[in-house]
Each structure stands twice: as C-alpha cells, then as structure tokens.
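Shared between the two complexes below is subunit A, which has subunit B as its partner in the first and subunit C in the second.
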Partner chain A sequence: MASAPSHGSRASHRGALAAGRTLARWLVGPLVTVLVASFVISAALALAPGDPVAQLLGPRPTAAQIAVTRHELGLDRSVPVRYWDWLSGAVHGDLGFSIVHRDSVATLIGPRLGTTALLVAYAGVLILVGGVGLGILGGALRRMSPLVAAITGLGIAIPAFVAAQLLVSVFSLRLGWFPATGAGSGLADRLWHLTLPAIALAVAWAAYVAQITRTAIRDEDEREHVETARARGLTAPVVFRRHVLRNAAIPIVTISGLSIAGLIASSVVVESAFGLGGLGTLLVDSVTARDYNVVQAITVALVLVFVVVTTLIDVLHTMLDPRLRRGAERA
Partner chain B sequence: MTPAPTPLLELDGLRVDLRVDGALRRVIHDVSLRLGVGEAVGLVGESGSGKSITARTIMRLLPRGAEVAGDVRFGGRSVLELGARDLRRYRATDVAMIYQDPRAHLNPVRTIGDFLLEGPVHAVGASRADATEAAVALLRSVGIPDAPRRLRQYPHQLSGGLLQRVVIAAALLAEPQLILADEPTTALDVTTQEEVMAILDDQRRKRGVAMLFITHDLDLAAAVTDRLAVMYAGTVAEVGPAADLHRTALHPYTAGLLAARPSTTRVERLTTIPGRPVSAFEVGPGCVFASRCAHVEDRCRAERPALRALEDHMVACHRAEELRGALGLPAAAAR
Partner chain C sequence: MSALPLPPVAAFRGRGGRAVRSLAEDKLLLASGAVCVAIVALALLGPLLASGSPSRTSILEANLGSSSQHWLGTDALGRDIFTRLLYGARLSLAGPALIIAVSTVLGTGAAITAVWVGGRVERVLNRVLDVLFAFPALLFAILVVAILGTGLVAPVIALSIAYTPYMARVVRSVARRERSLPYIDACQLAGLSSWRICSRHILPNVFGVVRAQASIAFGAALIDLAAISFLGLGVSPPAAEWGLMVANGSTALLNGYPQECLAAGACIVVTVVAFNLLGERLAVRSEGRR
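Entry: the complex of A and B
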C-alpha cells in the first residue's frame, strides 16, 4: 500500500470497526436471541397451567406432600431465579432432571439427538441435491421446465405422513428394500434405516426448494446484466455459471437454509411415523407429561439450531452479495 | 462527409415481429440503413419507434420467439445466418453495445475487474495479465485514474457516470469495429452526461470505431454523428447529413420532429406534431406517418412509400420532391 500513513491508520481503524460490527452481528446478536428465547420459554413453562407435581404425586396428594415436592423441584422459587439456575446449569451441560424418566435430561436427549440430527442432515442433503438440482435443471433447460414444474407441484402437495405411508408400503412392505421402523445402530445401518424417513421428510421441502430455485434462475436469466454478458459473446455455460447461477445462489441459499431449519419442526411427524424415537417424539411425550425440564431443553435446542441456521444464511448472504458488506459504501 | 465505399453494416429491408402473449406483433416494418467504416450515425425518433429493437436485432439479442425478415450484414456477411460460434465471435470482437442504464447492465455481485476482463478472457481467450493491463490503460483513457483500485470494487461503489465509463472501456477493450450506443447518457445526471458523451465521442473517433448512436437528443446527435436516421413506427422515414438536417429535412415527420425539440433558450416546446405517435403494428397499408401528416394525400394512405435516394438524403415520402423547401420552417408556417 502506497498510501499515506494517516490514511493507512484510518483504514485499519475502519477495518477494526467493521470487524467489531461483524462480530456483533454474527455472534452477539444470535446469542442474545437464544438467551431471550430461552428465558421466554422458561417463563412460559413456569406459568403454564397444570402442575407437574400433580402428575408426579398421583390423584390426591396432601398439601404438605405438594409443598415438599415443589420445594425439591425448585418450583417454589421465582421465575428469574429458576431461569438463572437453569442457565448456569445448561452452560455446564447440566440440563436438569426429568421427573418422568427419573434420569438427567442430558442422558435422555443424547442418543435421541443423534438420531434426529442424522435424520435432518440426511433430509437436508436430499433437499440440496434433489431440490436444488431439480430446480437448476428446470431453470436452465427450457424444455425440462414444465416437467420440473409438474413434479414439484405434486411434491409440495404431499404431506410428510402421507409420503411416509406410501414409502413404507412400497419400499419396505412390498419390495422389502428398507426397514419400516427403527433407527438402527452403527452409521451404515442407521443410514439404511433413516433412508425412507429422510425421503418422507424431504419430499415436500425439496419440491418447494426446487420451485424457488427454478424461478430464481429464470428471473435472473432475464436480467439486463445477463443480456450484457450474452452480448459480449460469452458462451451459454459461462453466462449461466458466472451470472445466472451465481446471482440466483442468493435466494437459493436462503430457501435451502430455511427449509433445513423447517425440517427440524416437521421431523416430529416422521419420527413417530417410523417409530424412530428421536427428539421430536420425546418432545411431544414430555409436553403431555408436563416434563418441563425436557421440554425446555428440547425447545431451546430447536431455537439454537434455528438461530445457527439463520446466522449461517446471513453469513453466506454477505459472502455472496457484496452490497450487504459493511464498509463497502461508495468511494 | 461521404460514407465509406464498402459499408460496415447494412440493414436491408429489416422486419421484426415480436411475440406478445403468444401472437406475433410487428415492431419493425422496414428498416434499411448503412454504416460505413468509422462512421457515426444517429438513430432518432419518438419513444417506441423501434430504435432499441433495431439495435438488438443487429446484436441478434431479440426476445425469444421473435421473427426477423430482411437482412443484417456486417462486413458483407449475414449476421442473421451466423452459426453459434461465429455469432459469439461477432459479438465478442466485431460489435459492442453500450446501454442506457449501466447499473442494470453490470452484474451487481461481480467486481468491475470481473466485468472488464470476462470479455477478453472468457470470450476472446486473452491471458488475464494482458487483459488486466489493457483494461487499466483503457480505464485511464476514459478518465478513471485509480484503475487498479476500481478493478477490485463493485458496481454499487461507483457513481453512474463512472460506471458508464467502465462500460465504454469494456466496449473499447474488445477493439470492435462498431459500437451500438443506446441512449448512453440518458440515465446519468446532467453534469456527467456531457463528460461521458465527450469521452465516448473522443475515444471512438481516435480509434476509428463506427457508432450507431440512439438518442432522443437531436442536437447531441447532430454534434456527434455524421448522419441522422429518423425512425417512425418501425420504419426509417429519412436519413440525411446530421449537421444541417434541420434545414434540409425532406420528410414531413423529420421536419416536425426537429421543430418539436425543446429549444436551448426557451424551455417549452415550440411546436408538436399533432396526433399521437402510432405503433408499428397499428399502421395501415399506406405511409406510416399518414395519420398525422399535414401534407397527406390519398396515395399516402393507400401505398407505403419506399426509402429512396433524393439529393444526399434517403427519404420515404411520396411527396418529397413537391414539398422540398416547403418544410424548412414548419414552426413559422404553423403560426
């Protein structure tokens, strides 16, 4: 850099400022979101109607019994105190105790988290490969476009539980290629077990992602700057890669990320349809049983994943779109 | 200025139909025009008269489903018949296009360097280093001194005037023989319009590049071009020397258009041509201007006049000889 020293130091100062802002945006912001959300969840559970103690002590407990149990469970303390306790435990990996399973929440969640994470990751890959791939095909090849539109239109209309039943009846009951239930053990066996669930989970989302991808590509294809590229004698593949796909990547990343976050929510249905015993099943059971420590842990985990995914989308956006970068104003 | 003996670009009886909601709609009826090597021709006419479509036909960049009849010849070769590879080479090295809105025509997520270099590197096959060197030199000659920094910047970091200079540099980088400039300064703010136009004019003259200059500004067109072609409803009404067309106009539409331009001393329009401009697909079998012409005859409504040579003009009017001299001062005559 041949610039004057004063200019250089100002630039580095600006750089430090930009780095600080970036840190705030991608670290502090999401962290605050998770904290606020976990507090709201904690408070909501504390104030929710129905008493876990009633569940625990059976039909007619005495007032003294109730008071003792409430005290043992820490339910007699104020909401902020309970939240603080939970939080200080959670950062050390202590998520409390399940009153139903009589075990620590962390031990309960551990194996189930693995199943759910694998299922969601598997479905996520299917969405990226199948959904984005199909969308690119439909967007790039004009002749494929109506076919892709028809397939995706159909795919979107299939709810996960219907897809699950269809897949089971064809691929496990009739053809016997895949197991109908169970999560399996060992990576290969688990992937084999999770194939049908992942497909059931991914179908509608992949179709949706394919539709958005296809329209994003076709919209981008009609942009003036793409015409400029053509007018300069670039070959169709170069124009497609450097301009059409490159720019369409911005909406594609958004929709793929959001759909993967959405998978987590819809995984509950698929887990119960295939008897996988993942986090979703545990969450539903725990809500019914008012096992609030488990509910809290799982919902906060969901929030955490969601925040991580949206932050990742944001980071990718900033990488893909220079207009979003700070310190990139007109100069 | 006399046109060069071998025309660089010839448009010959060009007719263009675009697909609008599945049906073909005629937007260009009959456009014939020649450009000599190094010659600048202005293409003027009201909005919708088909100027941009003409330019896009020359580039073969018409919307999908368009149908073209007639011929476009560049250096004697029919552009409409070029195969894919030859068409790419024609676009990459023979003709360059400059558009109205540089911001829309540059990819917002790619750097200025990417934009400048992708023509030479990806379309022509030059080395990156050579292309960079040429780009930096060109940016300097279009008045962008800190070129290396600019190459790393993105379009949103540059003003419209700077961006259009970048586009001009990109056009010149390909060392084309012809530049199609479609209202290259209209989208810029008034103070930079003149600068950018001066740079384009200067550079193209220095390098002997021909230019088809599309504009609404007749005075500007007269200043930077050798001849003016006046378009109306998808046809060329008249082609004549740019410098004194306002005195020598042979077509009633040319005379009306020149009289209607805003004066530099008085802001309001002096006269306007009565009636509304018609689109190419609305015109009947006769002269496209018949519905608005003050000198219309029965013959004008029945038979379309061909573009023919008269003096040093080309004119498409049945009554051009009779009206010669009578069109000179339409503003005064109208009063």
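Entry: the complex of A and C
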C-alpha cells in the first residue's frame, strides 16, 4: 500500500489507523483463516469414525497392544491437545508420521512437492498467455468476439480429467509427441512430461480467464471516456492500450490470480489422470488408505497456499486500483 | 474456490444484456433450455429406452467399435457403452441436483437473513462464508471423503456446503439492492411482518438471479462430483456414472480403444455447456428486466 501523505497529526493518525487496518486485512485475517481451517481439519480427522490403529496392528491385536500404540501415536489425547501438538510440530517442519508408509510425512511430501509446483506453475503460464491472449483477441477485434465466446464457452465446460484423456488419445497415442504418463527427471524432461498435464489443467481456467478478459474489454470499450479519446482522433492502438486495456486490467489480474489459486485444487485430478506421483496423488492414496497425518498435512498445506495466493491478489488488486487504495485509507 | 471455474452471474453482464428480448427471440435460451430438458428426460426415462442391462459383461465383445448392436461400442468388459451412459445419467445428475438444491436454499436463506437483519448477524454470516470460501470445493470434498469414507454421501454433503457461499454471495448483492428500494419501506410502514416482506417481496425479486446462478453452479457441481468419482473416491464400480466411466475407460484408451472415455467425457461436456448457457441467458434476462 502506498503511504498516505501526512498533513499534520490528524492525517498521520489516520494513516496509522489505515496501516493497522491494512495489516489486519492482509496478515491477521488470512492467518486466522488458515488457523481455523487447520483446526477444523485436525478435529474432523481426529473425530472420524474408524480406528487407524486397527489397520496398523493387523488382525486381532490385544487390548494392551492397542492401548500402547494409541498412546505412542498420541491418539489418546484430547482434540485441542492433539491440534496444539500438531501445530507446534508443523511450525518446526515436523508434520507427523505416516502409518501407511512408516515414514515421516515431511520426507514423503518433500520430493513430491516439486512435481506439483512445476505443474501448477506451467499451467499458470499457459493460462496467462493463452487465456489473457485469447480474451484480448476477442475483446479487441469485434469480428473475433463471437468465435472467442464460443471457444471459451466450450472450454469452460471441459473438466481437467476429460481434457487429459483427449490429449493423451491425440498427442500421445495418435501422434506420439508427448508421453502419456510419468513425471520424468531433469528439468527439460520434466517439462516435456508435464506439457499435456499442464494443458489439461489449464484448459477450463484459461477459457474462464479469456471470457472475463473479453467481457472486461468490451465493457470498457463502450465507456464514454473511450469514445472521447476516439473523438479526439487518437489512433485505435493508442486508445486500446491507454484507455481500454489499462482499465480492464483490474478484473483481468483478479481473475488470473484466482485461477492460479484454483489450479492448486484441480492439480489433484490431473496428477491422478497422468500418474504423476505428486502431492495430489499422495493425497488421494492417503484418503483411500485412511492415512490421516498425510491427509492433514497436504490439505492444510494446500489451504495455506490457496489463502496466500488469494491474499496476494487482494494486495495487487488494491495497488492497481487507486479508488480502492483511497477507500482503504478512508475506511 | 471450486476446482473448476464457477463464474458469478454478474460476469456475463454486457453480453447483449442491454436490450430485453422476448423469450421467443432468445434462441440461445430456448435451445440450451431444450437441451437441458432433453438431458434430464433421458436420465429419467433412459432405462426404458435402453435394450440391455448396463452391467451385462461379455468377454467376447470387449472393446468393440460402434455398430448397429452397440451404438457407441463396448467397454473393456464388453458392456454396452450407450446403455451405461443412459443408466449413468441418473447418478451423474442426481448428485449435482441435490447439491444445488441444498446450497441454493442455504445460500439464499443466509444471504436474505444477513441483509435483512444486518448488524452483527450480517458480519458473522459474512465471516463464516469467507472462511468457507477459503476451502477449494474439491479439496473440501476429498477431506470429507477421508472422514466419512468413499461413496456419494460424503462428497454430496461437502459440495452442498462448499457451494453455499457462491449462492449466498450473488443473492446478497441483489438482496441488498432490493432492500434499499422505497417499496420495502412502504411495506414496513404498512405493518407487514419481516417474514412476509422477505418471502413475498424480496425472495421473488432475487429469484431471477438465483435461478441463473443455480443453473451455472449445477454444471460446476457435476464436474466436481464426476472428478471425485474419477479419483475413485465417489461412486464405486460396477455402478455406471460418467466420471467413473472416464476413469474406467482410461486403461482401454491407452490400449487404443478410446470410445468409453470419449463418450462419457462428451456427456459431461455437453451437459455442462447446456446448463452454463442456460444460466448465462437467464442471468442476462434477469439483469435486463431490472
């Protein structure tokens, strides 16, 4: 946030107040959201029906064995105590123990994190280039508008797992350009392996971003100040760049950011479709195997990333739109 | 945030929304509405149209292409794909329908209550909706499956909750605008009860937006639920469901028989496009009338 110009003590007092509010909105608010979410996740998993210990000890464990294991895993303590233990451990990088993999959750997550991050980043670039590009095309060129509307209308309706099958069927099996499964090793190989997954992940969101971009530009195009600029004799590219695009940028940035936040959840499906073995695959496997510590760590991590990204969008949004900035100061 | 884009209906403003056209003139609305009705009718009546059983397997007829006997071919177990799509339509559509019904009622109720009562109630409700918003819908559904176990019940409950803020947000802005209109003051002065004003005056006026958003959310819920089944966390085999069929067909697809995957995928895409278009046109109409 830009600092408020201070004229005397009242203004600076207002400035300090505004800074406090901003801090609350961008730091405390998201932090509280993550804490509440992580507590709910922890409590819900703790109270889930079924006993993970039974699975760990195999058939017919004695009551004493069960009691000992429950104690070792900390399952005999109350929900708030367990949450507190988990939280203080998590802050230090200790995410608990996987009863299925018999390994610490952190070591399980570490190597898989890279695949997921690369996939989401790759898809994010595709969305920004493809989605915003297509939207600008549809917004700027009146004749292209209906075509772009049709493409985006269709694209939005294609789920990532359907897109995945289509892409594999055409580009892996028919044309043989890209591998159908696996994540590869080494950066170039990994990017090659992740191309189809990234496209599958990006399709619906790129279409959505394109739709919003196109609508934002067309809305802006009809505004009076644009008419005035045209009447002043400015050339079409100048009017478009200075008057249309600059104002349309706000919704475009917001929606692009939101789309990248949304990718984080969708990546689970795409990883599963392509057998990528990232965080998403681990999450689904752990849900099926009722490996709650892994489920908890991954869901909380994804919520954390999601909240951070949406907060960053909010910050960016405020910086782009001077009206909001002033609103924040006055509020 | 939903796993897939769930646009608020306001996003469609400005697409031919300036002029209110009569129902008969809005061909897109009629066409998409007709497709939606046809899909629902097929789901309800489908089993009457299909000749065979959706679960009759036949190893000798595995992975057949389309023929007069099997219109869309057969899957890896030799089951007729067309029959399975028809039977699968019920499961694939009933879940989203339930999700939308629950989230629409909850979201509309919460939004109108918040706007009407205002003050602390509104702040608390808004905060709850914000926290719910912080959960990506698909992730929430997976979490609830982890707790309650696989099947349709867990994801339907989860998505009903996850979609509530989407409905509430849209309704809230329209309800707020409605509440500030003079006729509401007139109603209050006339001594009408709050319940009566909300149910007889505000509710009918937000209904246009609710209808439009519900139609769009239906498509998104269908995709989310199908994704859960695709992941193997929802409907379990041998039941027929579109998302599960895409997952089942993916092995056959790798062996060069893409028919099951593509047919089930096409069903999902066509249904979602139809409901999205319907919602979009309904939104334009309700916006134009204002």
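Brief remarks on what is shown
Everything below uses one rule, namely that the second predicted complex is superposed on the first by the 305 of 331 C-alpha atoms of A that agree within 3 Å, B and C clash if a C-alpha of one lies under 4 Å from a C-alpha of the other, contacts with A are read in each partner's own complex, and residues count from 1 in each chain.
Throughout what follows, contacts are C-beta pairs under 8 Å (C-beta built on N, C-alpha and C of every residue); 3 or more make two chains touch, one makes a residue touch a chain.
Predicted model, so just to flag it, every value in this text is computed and none were measured.
In the superposition on chain A, A:V307 makes contact with subunit C only, while subunit B stays out of contact range. By the document's definition of touching, neither partner reaches A:F178: not subunit B, not subunit C. After overlaying the two complexes on the shared chain, residue contacts for A:R232 are found with subunit B alone; subunit C is out of touch.
In the superposed model, more residues of subunit A are touched by C than by the other of subunit B and subunit C. Within the superposed three-chain model, A:Y83 lies out of touch with both subunit B and subunit C [touch as defined at top]. In the superposition on chain A, no contact is made by A:Y122 with either subunit B or subunit C. Shared contact residues of subunit A, touching subunit B in one structure and subunit C in the other, are absent. Of all residues in subunit C, those touching subunit A in their complex are 1-5, 7, 11-15, 130-131, 134-139, 142-150, 219, 223, 226-227, 230-233, 243, 246-247, 249-250, 253-254, 256, 258, 261-262, 265, 268-269, 272-273, 276-277.
Across the complex, subunit A is touched by residues 59, 61, 87-93, 96-97, 99, 101, 104-111, 114, 118-119, 122-124, 153-154, 156-159, 170, 174 of subunit B. Against subunit B, in their complex, subunit A makes its touches with residues 223-235, 238, 242-243, 246-247, 250, 320-323, 328-331.
Chain contact summary for the complex, subunit A toward subunit C: residues 33-34, 36-37, 41, 44-45, 47-50, 149, 153-154, 156-162, 165-166, 168-169, 173, 180, 204-205, 207-208, 211-212, 215, 218-219, 222, 258-259, 261-262, 264-266, 268-269, 272-273, 283-284, 286-288, 290, 292, 295, 299, 302-303, 306-307, 310.
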